[in-house]
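Before anything else, here is the set of structures, which you'll find just below.
You will see two complexes here that share subunit A, one where it goes with subunit B and one where it goes with subunit C.
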Partner chain A sequence: MNQLSSQTQSNLVPDGSSLMGTLRQRVRQGNLGPLPVLIGLALIAIVFQLLNDTFLTPVNLTNLMKQIAATGTISVGVVLVLLLGEVDLSVGAVSGFSAAIMAVLSVNAHWPALLAIAAGIVVGGLIGLLQGFWIATFRVPSFVVSLAGLLAWQGALLRVLGTTGTVNLTDPLITNLANALLPVWLGWVLGLGTVGLYALLLLREHQRRRSAELPTASVLMLGLRIGLVALATLLMIGLMSINRNPNVEPAIRGVPMAVVIFAVLLIVFDYVTQRMRFGRYVFAVGGNIEAARRAGINVTGIRISVFMLASALAACGGILAGSRLYAVNQSSGSGDVLLNAIAAAVIGGTSLFGGRGRIWSALLGALVIGSIANGMDLLALPSSIKFMVTGAVLLAAVTIDAVTRSRRETNTR
Partner chain B sequence: MEGRAPNPLLECVELARQFGTLHVLHNVSFALYPGEIVGLTGQSGAGKSVLVRLLSGLDAPDSGTIMVDGCTFASASQAQQLGLAVIHQQPVLVEHLDATSTIFLGHEGGRRRWSWLRSPNQRELEQRALRILAHLGVTLPSIQERVGNLSGEQRHMLAIAQVVARQPKVVVVDDPSGQLRPEYQQALLNQLREWRSQGVAILFSSQNLDHLFASTSRILVLRHGRLVADEPTASTTREQIVQAQIASDTNREHTPLIWALDSFYRARQQAETLSEHQHVLEHDLAAQNALNRQLIAQLAEQVSSLDRANLALQDAQRRLLTEREQERKALARELHDQVIQDLVSLNYDIDDLHSESHDPAAVQTRLTDLRREIRTLISTLRTICGELRPPTIDSLGLEAAIQSWSSEWGARANIAVDVQIDSALGRLPEAVEISLFRIVQEALSNVRKHAQASHVSIHLRLMPQRTIQLTIADNGRGLAAPTDLAALAASGHYGLLGISERVALVHGRFRSANRPGGGTLIEVEVPQQS
Partner chain C sequence: MQDRTPVLQLRQISKRFGAVQALSDVDFEVYSDEVVALVGDNGAGKSTLVKTIAGAYRPDSGDYIFNGQRAWISKPSDATALGVETVYQDLALCDNLDVVSNLFLGREDGTRFGPAFADVLDEVEMERRATTVLKELHVRIPSVRTQIANLSGGQRQSVAVARAVMWNSKVVLLDEPTAALGVEQTQQVKELIKRLRSRGLGVVVISHNLADVFEVSDRIIVMRLGRRVATFETANTTSTEVIAAITGVGPQHRPNGANA
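Up next is the complex of A and B:
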């Protein structure tokens, strides 16, 4: 009965024939995409702006973006692991440990900055290889393996940092990784270039599909997507191009490097998951492992490489975090780093049950968590309240996922 | 038997698999050659599905080797790289993926190294997917529809399309057709034959002996994990295959208990088969029953229409009798009132003539009077005869009769009559001529009584196949649709009924209808020879 009605519905409203029709159909199927998160973000911004009018200032927003870059980068890896239907609890510890390796190599062993950074990322990747291999080969649940990793790599971090417990980063290349500001013109060029390329690719694909007589999304939907991406990108760059120095001179303006790196990682991994065969296999393995195996996908290889990527991304996040704070210490990657990264992925809309989600959810979720933390800091609320509110938001996000999931299932069966 | 290529595409050597202490497969060895479909059958639990899993690389044998094109493999993905593809009995698909991605999952663009790093051209894939689905006769709501929204059958066909898209060298089919509608089953069998003609080796595992006998060249039978028969399809029978499937191993020593269990098992199996047959029989019986019921209903309908025809016939006969009586009465009255009276008065006149014989001049006048009266009498008699039977029809034929009657009638009724008669008509059998004439008379009198028309046209045409068509069309108010002859007769209007009876008498066809522009059309077709 249900199937019949959804069938007729999809017959009545062919894909993207009208905006409202598409929207209604998506609501019915429980396929809301990023809509709830965007609404949540808008609500958070309004509430904090009402409580404290510094929230929506260029200074604070740039700060916010810099704060979430590290968490967001770790969260990209978490999204990949969640797409697989697994979980990685070691990303926080790995991020701290990798950053510590980089810091020790750069400061104590006087390695060149680039080499130290590369070593940190490689160590992260190797950790992922080890854990992924363990999970895929011995069939030990990823929860357990990564929990063991969490403890082990935290121990390793303490060991590497030695008795002092803190390594201050001095190499300008490393500290600039997060803190350097892009020249304003370069920011605009990059932003406009990205938006233009995005629009061009989308329109060309639309044109080709139409001439091949394949189903296409409506032009309105297309315009909306391009418009939204262009608006968000250019608004961000515009905000960051305003002078943030309260004393006016010297001017502090431009996009922070950390944000650029985060954005590049988002774009790259969105391409990987949406376009490349590898990404499709990740979705397939996460969606139904038996189906993936039958389709001839090297399931073990995919799982190991996803855990590798997640750990390498965690390493990148750890290095960004260290760079932003000019130091790596015993608490790097501990505390709420892991929980924030996982919460960001889930709040952004990645399903905990595997096979469903997008890389962008790392950005959206990190924005939500970052905004809450940032806003409460502005209101000078204690961390106790911060944790409780973040917990409530996480619960709400997962509930939305679970409810839409069950609705989808009653809708399709 | 076709000539065999020396190298088998799929070769199994002494395969064995056991779960715990249960030996599921035992020393299974066989080979598949290019361009042949080999059937695999056996009762459920005989090890077919396990064998299929081993062949697909999803499970590994405890001992023995499987080679595809001469190479062994260790996993499903390696098996597929060697060109082996499997259609499973139950499709397992990724719910969130769209149809196209599902079809090409795992091989989106060749089997090149590092190809998992490439990004497939979704557009091209969708076009190929549309072609494959059209080839299989499957329609989906959209090529981008998510698998979760598809029906069970559509999923099955997607799984089959996956294998088609792979262009495999060896196909292992675990017959899914029990859950497919006949068209799709046929599509699957056709696809198997197409593969065979392309030189693909196919292992077709099925319990449906119809399918196996229809498509395979050899049949392998598994029983309790052993290969017990390998027979060419052409030289075996269903009975042999079934026997191979269920026969117990007679060489083995059975303790009485095992015997008892075995015979119990067999008895249960037979009971199951029996109940299945009974089910089939019941189904057949039900179908037969339905057919019978239909036949009976048709028969009843025919009988009742026969009854109705009978009633109409009786009615017509009664009417004929009364009409004949009335006609006789009228004739008698007319003869009595007119002719006899005239004759009587003539007789008196002649008597008078006798008495007046002395005056020749008076006699002359009386004779002249008499002659005139006799002439009148003759013409009266002629009118009576003419009404009984048109004089012109015998002498001048139907055409003249209709012409003269209708012009006379037109003058009387003050209605314009247009008569067109095929000049090639010639003389017709008497019965036909008189019937047609009477029909014209009847129809015209109907027009006068009911139609309120101002114009009537009569057409008489020679049609192909030696039939004559008479159409009488007026521009009056038409019939009260629809015409029901029985109802008309019941209400005392015999015009159309009379026409239809006359037509039936000469084995013709009769139709009356309203003309599109208003008015009535009467159409009669009679064979020239009746």
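Up next is the complex of A and C:
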């Protein structure tokens, strides 16, 4: 036992000075972060590009980003719920129902677009309030409450849509939510602004740590982090700024609004979970609910608000999906929407066991699932194959989660 | 030592759970710069007494006196507000959070812009304070940014203790602090307990391990069947005497040992 513990100690000596050292330490602790999924993404991109050279073209990648925006948005909420150690099976149905509310209010009741959109999101939030209240107060497992929600809101969707079963969205403000393209210059301004803000935040923290005489990461690591974020962001914007309709007029270029909205939600919720008191408490409740309670954290409040946020984000995703398709119909939010949203969170690296994960896993996981679906569409493979491959990827991701978890547990004490 | 006012005193505490009289007229006191060991067999009332001190239980009768003043304690936060902190056996740490986050859990430093839940955490300040406290207590961990999951049992115990004493606390209750630890780690925790005493805290240690009790404590309070049956100055007693008081079979403790 002593031998074991002293061995663990020597393993833990921080070795942040070298990149390989940090990496080796993380592998040993079972704390891989986004590394497996990034490698997976690279593999997927290479394979599909080799099979069909349209995969890595600006048109296709822009389409891909637009396709995953709605599911990814729902998945941001799923990540929050998973961080608590709970699950929400109703997000698909809630996304469809909230979109239907917006559609009916806008098209049938002639509400102004903004009001209709707000109403859809508020309805989503209220559903989350109800379900979260039920889960936190009556101690009914979230699995069951949200399963009941899945059925109930599916029914409510059919009811709201009425006999026609489809509402076509006509208000340009609503359809532009997903489909409008950002002017190229604005895309660059927003992208550069975001990267600049990120760099500023990191540098300021570096400065403060140095003056507080705390250990700081090497300048190389700092530069690498900023450089990678800048590279990824500017590459995406550059890609979407290329004319996607080169042979005919008019030129099609710019970042789709759906992608902008998704990106903003990712950044906001990553900040909330990583830097704000609320986020810290979400992790605490997911890690050890009894410890959180004894630390004076309002556990019930945290749980209810996370379910509210998840449902409100599901509503946003549903509205984006409706906007992209110019319609809300009986199948909105059904089918594989729920499964993809949950699978994306898990594939992206958020643990099913609570307390571990990043908001970014919503993007990474949605990219994996989206790329597979998109790539197979390019190859004209039937959906039977698509489902089976996505299933296999999900299994692989959950296995990585379970294995690293048990590694973490056997590694200590 | 005993002429001073105890930092924390309980007088004539009784607590009943249904048909079970868990505590009967128990007096308890702990002074500053002192380690008191609370010993007794299973079911002797140690846990009930500790939870009463911690504010988790409300006694049916009796007084809670802090620094010579009566205090009304109805929930754990009342006790912590006075400076009475408890480290339970399960430590109540979040495995998935790092040491700094655990030390500050529920009391984070941050900048307020609006509602409390939207405070932006001041990680630099928290890390600085955490580093200082751990250094003062000679707690050795690889990095204050290590997740609790990656620490050994002794290191976890030390983090839990550090969390209890870093908030200007006066009394710390430690419930079986060495029960789950190996030899070397037990030694680390015992050193830590002595360091708490030299910081001027009143330390209450509940333990089954008499060897540990004799090593760290100044006084030993023995509980049996819900009563306080004996008190020893650690320097002037032997483990035979203490065991006799715990079990109630030793001849010399029959008289004040109450109902057997």
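Things to note:
Convention: the second predicted complex is superposed on the first by the 397 of 413 C-alpha atoms of A that agree within 3 Å, B and C clash if a C-alpha of one lies under 4 Å from a C-alpha of the other, contacts with A are read in each partner's own complex, and residues count from 1 in each chain.
Simple rule for what comes next: a contact is a pair of C-beta atoms (placed from the backbone, for glycine too) under 8 Å apart; a residue touches a chain by one contact, two chains touch by 3 or more.
These numbers come from a predicted model, not from an experiment.
Taken together through their common subunit A, the two structures put subunit B and subunit C in a clash. Of the two partner chains, neither subunit B nor subunit C is touched by A:T164.
In the superposed model, A:E290 lies in contact with both subunit B and subunit C. In the superposition on chain A, A:M276 makes contact with both subunit B and subunit C. Of the two partner chains, subunit B and subunit C are each touched by A:R208. Looking at the shared chain after the overlay, A:N247 reaches neither subunit B nor subunit C. Note: residues 14, 205, 208-209, 212, 214-215, 275-278, 280-281, 283-284, 287-288, 290-292, 294-297, 355-356, 408-409, 412 of subunit A belong to the subunit B contact set and to the subunit C contact set alike, using the contact criterion stated above.
Across the complex, subunit A meets subunit B through its residues 3, 6-7, 10-11, 14-15, 205, 208-209, 212, 214-215, 271, 275-278, 280-281, 283-284, 287-288, 290-298, 355-356, 408-409, 412. Residues of subunit B that touch subunit A in their complex: 56, 58, 75-77, 79-81, 86, 88, 92-97, 101, 105-109, 115-120, 123, 126-127, 141-146, 148-149, 151, 162. By the touch criterion stated above, subunit A contacts subunit C in their complex at residues 1-2, 5, 8-9, 12-14, 29, 31, 205, 208-209, 212-215, 272, 275-278, 280-281, 283-284, 286-288, 290-292, 294-297, 305, 354-356, 408-409, 411-413. Within the complex formed with subunit A, the residues of subunit C that make contact are 76-77, 88, 90-97, 101, 105-108, 110, 116-121, 123-125, 127-128, 131, 142-143, 146-147, 149-154, 182-185.
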